[in-house]
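Below: one structure, written as C-alpha cells.
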Amino acid sequence: MTTTTPAVTTAILPPRRLIARTLGTPGAVAGSIILVLLVFGALFASLLSPFDPNATRVCPRLAAPSLTNFFGCDLFGRDIFSRILHGAQLSLAVGLLTVAISLIAGTIIGMVIAFLGGRVDRIGVRMLDVMLGFPAIVLAILIVAVLGVGAFNAALAVGISGIPRIARVIRSATLTLVGREYVDSARAVGASQTRILRRHLLPNLWPIVIVLGSLDLGTAILSTATLSFLGLGAQPPTAEWGAMLSAGREFMRYAPWTMIFPGLALFLAVMSVNLVGDRLSHVLDPRASGHV
Amino acid sequence: MSEAPLLAVENLSVAMGATPVLEDVSFQIAPGETLGLVGESGCGKSVTALSVMRLLPNPPGKFLGGRILFDGTDMLSLDIAALRAIRGDRIGMIFQEPMTSLNPVYTIGDQIGESLIVHRGMNGSAARTETAKLLDLVGIPAARNQLDRYPHELSGGQRQRVMIAIALACRPKLLIADEPTTALDVTVQAQILDLIGRLRVELGMAVLLITHDLGVVAEFCDRVAVMYAGRIVEEAPSAELFRNPRHRYTEALLHTMPAANPPGRKLPSISGTVPAPADRGAGCIFAARCRFAIPRCSTDLPPLTEPPHRLRCWNPA
Amino acid sequence: MPWFVRRVLGIVPTLFLTWTIVFGVLQLIPGDPVMLALGGTPASDEVLDNERRRLGLDQPVYIQYLTFLKKMAIGDLGNGYSSKQPVSEMIAARVRPSLELALGGLLVGILLGVALGIAAGLRPHGWIDTMTMSTALVGVSLPSFWIGMLLIYVFGLQLEWVPILGDGIDALILPSITIGLFLAGGLARLIRSALIETMTQDYIRTAHSKGLSAVRVVAKHAMRNAIIPPITLLGLQFAVLIGGAVVTERVFARAGLGSMLIDAVLTKDIPLVQGLVVYTTTAYIVINLLLELLYGIVDPRIRSRRA
C-alpha cells in the first residue's frame, strides 16, 4: 500500500489567478462548463423541471423521448428529464457530504497521529494500513450493513471508507511540516498543542486538503451512485441516478432511454468534476505541474 | 599518422534542440592509438563520444553536419541494423557511472554474455565460459563464482570492471571510455586506468578517452585534443602538448593541475564562465575569459591549423 | 531468517487486525442478532434463549471475540442465518463464477492495457499516447455498470452477437470486457509512466551500446525494471475481483460472491456478510503477500534488503 503525498505549496494563489490557471487546458474548460451547467441545473431543479419528478402517469409508461418528455418516461410514467435534474441535486449534495466526512475526519486523524508521533503514530499507521487493505467497495458495503440502506447512510459509508486514505496522506504531509522551523519556534515560545495544530499546521495543509477533496469528489459521486444501483443506497422512488439505472436495467430492451440518460448524467457529472479536479491538483501541486 | 585512421570524425556539428553543442569537430584515431579528449564539463566531449556510437537521444540530439568514418564507413549514413552490428562488437563503450550503467535486475554474467550471444551467436554455456574468461581478464578473481552475482552486490570499482568486460566482450577495435574513473575512489581510479592501459596493449585496440583530468591524459594518451564550448581548440601529441601548450585555454587548464602547483597553495582557477550560446559573438568563444585576447579575437573565429600540432588561436603562446 | 519467511510471518498480525475490525464493526449492527437469525418470525422467550445459547450469544463479548478468532483461524465461518448452511460451503460454491469473471476481466485488461501502455510509453506525446491518456482520463469517470448495460444493449440486444445470460464462455465476454476496460486505463497509465522513467536510465544506454535490438532493449532490459508497479496494480485488482465483482455481477445477473454479498447485506445475514468480508480481505492480504514474494524474484535488490 503506497499513498503518494502531494507536495506542500506554501501559499495559495489569489482566487482570480487560481481560476485563470485552472482553466488553462481545454479539458478543464470543458469540465468547468459542464460542471457549471450541472450545478445550475441542480440548484434550480424545481424551476427547470417541466414535471414533478415523482408524479406518476405524467406521460405514457416507457414512452420514448419527445418534445414534451425530452428524455422519455419510466415504467410509472414519470418524466426522466425532471428526475435527472433532481438527481443532480441529490448526487452533488451526497458527493459533497461524502467528501466532507472523509476530509474532516481524515485530516484530523492524520494530523493528530503525526503530531503526537511515537507509539500513537505507529499504532495509528498500522490501523490505517489494515483499513486500506479492505477493498473500498467492500468496506463501504460493510458499513452499510451496519447502518442500513438509504441515501444518507450510503454517503456516510462511502465517506467513512475514504477516511483511512486521506488520513494516511495528511499524516505524511504533516510529518514533513512538523520538523520545520516555524513549528519548532512555536513550540519554543510555548504555544499549546492545539494551537500549533490549528494555527501552524492546518493552514499549510490546506492546499493538500483541497487537492485531495477535488480528486475524491468524482469518486464519491460514482461510489454513492454505485451503492444505490446495488440497492444499498437511495431507495425508490427517490430520483437518484444509480437507482434509476438499476430500474432502467429491467426495461432496456424496450426503453433503452431509461438507462442511457441517467448513466450519461452520472458520467458527465463525474467526468466534469474529475477534469476540473485533475487540473486543480496540477495547479496547486508544483511537483505535479511539470508532469512528464 | 601515415596509416588509414580507424576513426575519423570530420567537421561534426550537433545540436541539442536549438542549442548547438558541437561545432565543426574533427579528429582522427589510428588503429591501436589512444586519443584523450579533455575539457570542462559541458564542453561537448561526452556528446562527441555518444555521437560516434549514435547513442545521443533524439530528440533532443540532432546531427547538423559532418561525417563519422569508422573503418571507412560513415556511421551517420548506416541503417539501424548495420549500426547495431558495429555497436558492442567493433566499438565498445564504457560510461562514467558504473553504479547505474548496469541493469540491476540481471546477473553480471548475463549482461556480459549477452553481447557474445547477440554478436557471436554463442549458446548459453559457451557464452558463460567466455564470460568467465573475460572476468579473469578484467581482474575479477574467482570469476566462475561471480557470474551469478547482481550489480548491487559489487563495489564501484568491480562494477566498472564488469562494464569493461561488457565493452571488450567481442574484442572491439575501438574502446570509447567516457570519464571511466570520475565516479570512483582515487586508488580505484588508478587500478581501472592501469587495466584499460594493459588491455589496450594486449588486445591491440584504439581508445578514445574522454576526461576532464589532464593528469590522466598525460599518463595514458598518445595524443590529446582539448575542447572548449563545443570546438576543438588544440590538438597535439601528449608530450608536445604538455611541454609546449600554445592555446591560451590549454595553458590556463595546465595551470589548474595540482601537479603544476606547490602543495598547500590554493589551486588557481580560470576566471569567468563559459558564455551561454545566445551570448556568443562571432569570434573565439574563449576570448571573453582570455587574458591575452587581442581585438581580432572577438570578431573573427580563428581557423584550426594543420597537424601535428593543431591550434585554433590568433595570439598563441 | 530468509526474506520470504519474514514476509510470510509478517501477515499474521495483519490478518489478526483485519478480522478484529470485521468482528468489531459487525458488533455495531443494531437489533438483536437472535431476532435476525430467526428472520423476524415471532418466537417464544424459550426459543429465543435456546437460539441465543446455540449461537454463543449468551457469552460475554470478549469470549465471543476469542471464539470468533479461533474459528476464523481454522476456517470455520459458521452457518448462514437464512440458508442454515455452513458459510464456507456457500462461499466455495460461488468461487468459480467469480474467479472466471476475474480471469476474463484480467485477460482483457492486460491485453489492452499492456499494448496501449507500451505504445504510449515508448513515444510520449505521440498520437497513441495522447489518445490513450485522454481516453483513460475520461474512462475513469465511466460508471462500470453503465458501460456494462450499454454493452448488453448494443452487442447483446441490438446486434445479438453474444448471449447476455448463461454459464458458457461466450456469456463471459461482455462482463470481461466491462471489467477489462476499467482495468486497462489504469494499467496503461502505470506502464506508460514506468516505461518513460526506465527508458532514461543509464543501463538502457548501456544496452544500446551493446548493439541490442530495440525490441530486446525494451522487452528484456526495460520491462523487467518497469514491471513492478503494473504487477502491483493487477495483483491488487485481481484480489478485489476474486472477492466478487460486485457491480458487474449485478449487471450481468451472475451468481458470484459479489451478488451474494449484496443479498447477505440486504437480508441482514450477519454470518454470511462476516464470512464473505473475512474471505475477501484474507484473499487480499494473501495476494499482497504473494506479490511481495514476486517482487523478490523480479528484483534481486529486494531479496537482499534487510528490513
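So that you can tell them apart, the chains are marked A, B and C in the order they are listed, and the count of residues begins at 1 in each.
The definition used in the following text is that a residue touches a chain if its C-beta (ideal position, glycine included) is under 8 Å from a C-beta of that chain, and two chains touch if they have at least 3 such contacts.
Values in this document were obtained by computation on a predicted structure and should not be read as measured data.
The interface carrying the most C-beta pairs in contact is the one between chains A-C.
Nearest to the common centre of all protein CA atoms is the CA centroid of chain C.
The distance from the centre of chain B to the centre of chain C, each centre being the mean of the chain's C-alpha atoms, comes to 53 Å.
Chain A and chain C have CA centres that are 23 Å apart. Rounded to whole angstrom units, the spacing between the C-alpha centres of chain A and chain B is 57.
Partner chain C is touched in their complex by these residues of chain B: 53, 55, 80, 83-89, 92-93, 95, 97, 100-106, 114-115, 118-119, 150, 152-153, 163, 166-167. Against chain C, the residues of chain A that register as touching in their complex are 27, 126-127, 129-131, 133-135, 137-138, 141-146, 148-149, 218, 222, 225-226, 229-232, 245, 248-249, 252-253, 256, 259-260, 263-264, 266-267, 270-271, 274-275, 278, 292. Across the interface of their complex, chain A is touched by residues 14, 17-18, 21-22, 25-26, 28-30, 124, 134, 137-138, 140-143, 145-146, 149-150, 152-153, 157, 193, 196-197, 239-240, 243, 246-247, 250-251, 261-262, 264-266, 268, 270, 273, 277, 280-281, 284-285, 288 of chain C.
For chain C in complex with chain B, the touching residues are 201-203, 205-214, 216, 221, 224-225, 298-301, 304.
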